[in-house]
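Report on the structure given below.
Going in written order, the chains are labelled A, B and C, and every chain counts its residues from 1.
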Amino acid sequence: MFNYTFHWRPALNALPQMLQGALVTLQIAVLSMVIGIAVGVVLSVFSSSRNKLLYGIYATWVEVARNTPALFQIYMAYFGLGQLGIRLDSFLALLVGITFNNAGYLAETFRGGLRAVPQTQTRAARSLGFNAYEAFTLIVLPQMFRAVFHPMTNQMVWAILMTSLGVVVGLNSDLTGVTQDLNVRTFRTFEYFAIAAVLYYLIAKVVTLGARLIAWRLFRY
Amino acid sequence: MKWTPLVATAAFLTMLTVPPAFADKLDDIIASGVLRCAVVLDFPPMGSRDTSNNPIGFDVDTCNDLAKALGVTPEYVETPFPDRIPALVSGRADVGVASTSDTLERAKTIGFSIPYFAFTNVVLTRTDAGIETYDDLKGKKLGSVAGTFEAILLEDDMKTWGSSSTFQGFQAQADVFQALSQGQIDATVVTSTVAFATVNSGNFTNLKVSGDAPYPVDYVSLIGLRQEYGLLNYLNLFVNHQIRSGRYQELYNKWVGEGAAPNLLIPGSYY
Amino acid sequence: MFHTAVSANDLWFLAQGAGWTLLITLIAMVGGTVLGVVFGVTRAVLPGWTTLPLGFLLDIFRSVPLLIQLILANSFIPILGLRATPFAVSCVVLALYTSAYCAEIVRGGVLAVPQTTRRAARSLGLTWWQDMTEIVYPMALRVMLPSWIGLTLGVMKDTALVGWIGVIELLKSSQILITRMQNEPLFILMIAGLIYFLISFPISRLGARLERRFREND
């Protein structure tokens, strides 16, 4: 049945290199989430804007981000923008691609979350003397984040999974990139990618647990 | 008995997973009537696509000749460079006619025929990058297809330079040319045949060849599974016949250009 | 004047790629939904600890990048001595991947039906099967359907990754065209993106409308 001899030793020897890659993966995912949340909040505010331009930006962004593959978006960030003279290196192209995707999904999540915060909260804040900006950032946003924390955690896991696509635009420092580099030198595909799969699983679990811990600290009464 | 279903299941699974071991790959190919060649189609003139997106090139024609010799129909399995060997190992292709350099590292995984072509490598760069020789690559943004002969040599040299040059490993040759033309990288090292074909294709107006890369001659072979001696033996004889019948020279003139095809004899050595 | 080397022939080539994208999506959704319903109902009706191994297994499919799953499956099948085309590998991996998400949707849907309703049904003399098909199914469906449509769209977009193991689907066919006409990647990518959008957008609108209608009736 097994005509194949597994070579685990050289694969396990590469573990330090792969852990280094895992750090880069985590770094890209976190960065893309932080920027994605910021952009997502802005877009969700645009969504209720009466200004046609702002609403247009929101609608286009969200629809393109949600209706085309992430791989396509990353490809666009690298080769598409490249043709327009905007040259991003692989790392930046991946970051831009994932952030674009994150922001699109998060904007819709936030829009739902904002609806869950009763109008009366804003009115109460305004009548207590908060200006519109303060009412939004100090009263509405914190309540919204509580409502959308779970979908946000999911999006973070998605962001980690999406970083694996950087390899198509020449990124070789993240976990998948490092693994593929090892693979094309030795062609022990299964061994290296099996280790990568375990590492991805662990990263996803650590992030989910971390998010639960944060939620527990932030949102208990 | 309690165990009967279990035993039956186990027997069934074994039946599923053990392929009949009597016929070797060469028999399988002849019996199936189809030869599945792994070819690289972003590597003109060795392999590319015509305007109706059909595979063409030196490698494609070589695959056709091999299929004809075997009396079967050729089928092309397109693989980017890093995917050639996985395609063979995973059984998606029977042989690789894909300009595969015969490195010792790869020979741990797959089997090589005698060389069927030979390349020399040159520096391909953008006209505005200010690179005239191989030495000018120091400190520049470089890239190549991950894991290829020239990529490994380039990366080795970069280690000895120790300067601030960066290396990007792509998953397809086309991506390297694209990134070079757009400016994400400044130069690459690639086989001279392909470099000139690419510059002359008219697709890129801003690329040029800047001198030779000081690498040994890059002999490329047909590849098959390591343990398929019958097939590898056939491939050796096939390459030999291509050369002695003059077909090798003919295909060279058809796809690469005027003049004599590269000498495949390794000086001062047997093969 | 805008000039392009993209011909009608090339558009047909892209359309064929889109055909593969749709076919793989269809197979993955059918397989994934059947498996997902089985897994999801199992997870919802059996006591929690008995289904922990299943839950763990499904969680793996949701926590490892699909690209890695495809590469692993593609390299493991020949290790087993089996032969499979990239198309078959893609369908199987995507169906399992889909089932992992679908199971969560189904579990959520079943658990969203109030226990009291189900007890009432049983005390009115309905069998377990009748309770599942006549009470739980219609009530859970309204919770599940919008997410299920979202999943379909997700899987359709995820098929872009099967190009890596050698299936010439939509995105891969656009890359093949770019290889030939290297001076217009942006234009070719835009066409591919537009095709994805045209497939995905109407379905996502439908999903949003269903969701709104269900909410109104609550």
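Note that in this section a contact is a pair of C-beta atoms (placed from the backbone, for glycine too) under 8 Å apart; a residue touches a chain by one contact, two chains touch by 3 or more.
Given the structure is predicted, the values throughout are model-derived calculations rather than measurements.
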### Topology of the chain contact graph, where touching chains are joined (line, ring, star, complete, other)
complete
### Query
Of every pair of chains, which is linked by the largest number of C-beta contacts?
A-C
### Message
Just the number, please: Cα centre separation of chain B and chain C in whole Å.
### Response
35
#### Entry: Distance from chain C to chain A - Cα centre to Cα centre, in angstrom
20
### Message
By the touch rule stated above, which residues of chain B touch at least two different other chains?
### Response
17-18, 86, 89, 178
### Query
Among the residues of chain C, which ones contact at least 2 other chains?
74-75, 78, 80-81, 178, 185
### Task
Two or more other chains in contact with one residue: find those residues in chain A.
1, 79, 82-83, 167-168, 189
#### Entry: Touch list for chain C against partner chain B, complex
7, 9-10, 13, 74-75, 77-78, 80-83, 85-86, 166, 168, 175-183, 185
### Contacting residues of chain A [partner chain B, same complex]
1, 78-79, 82-83, 87-90, 167-170, 172, 177, 180-181, 183-189
### Query
Mind pulling up the chain A residues that touch chain C in the complex?
1-4, 63-64, 66-72, 75-76, 79-80, 82-84, 157, 160-165, 167-168, 176, 189-190, 193-194, 196-197, 200-201, 204-205
### Message
Going by the contact rule set out above, which residues of chain B touch chain C in the complex?
### Response
16-19, 41-42, 48-49, 51-53, 77-79, 83, 86-87, 89-92, 172, 174, 177-178, 181, 203-204
### Message
Quick check on the complex: what are the chain B residues that touch chain A?
### Response
14, 17-18, 82, 85-86, 89, 105-106, 108-110, 143, 146-147, 152, 168-171, 175, 178-179, 182-184
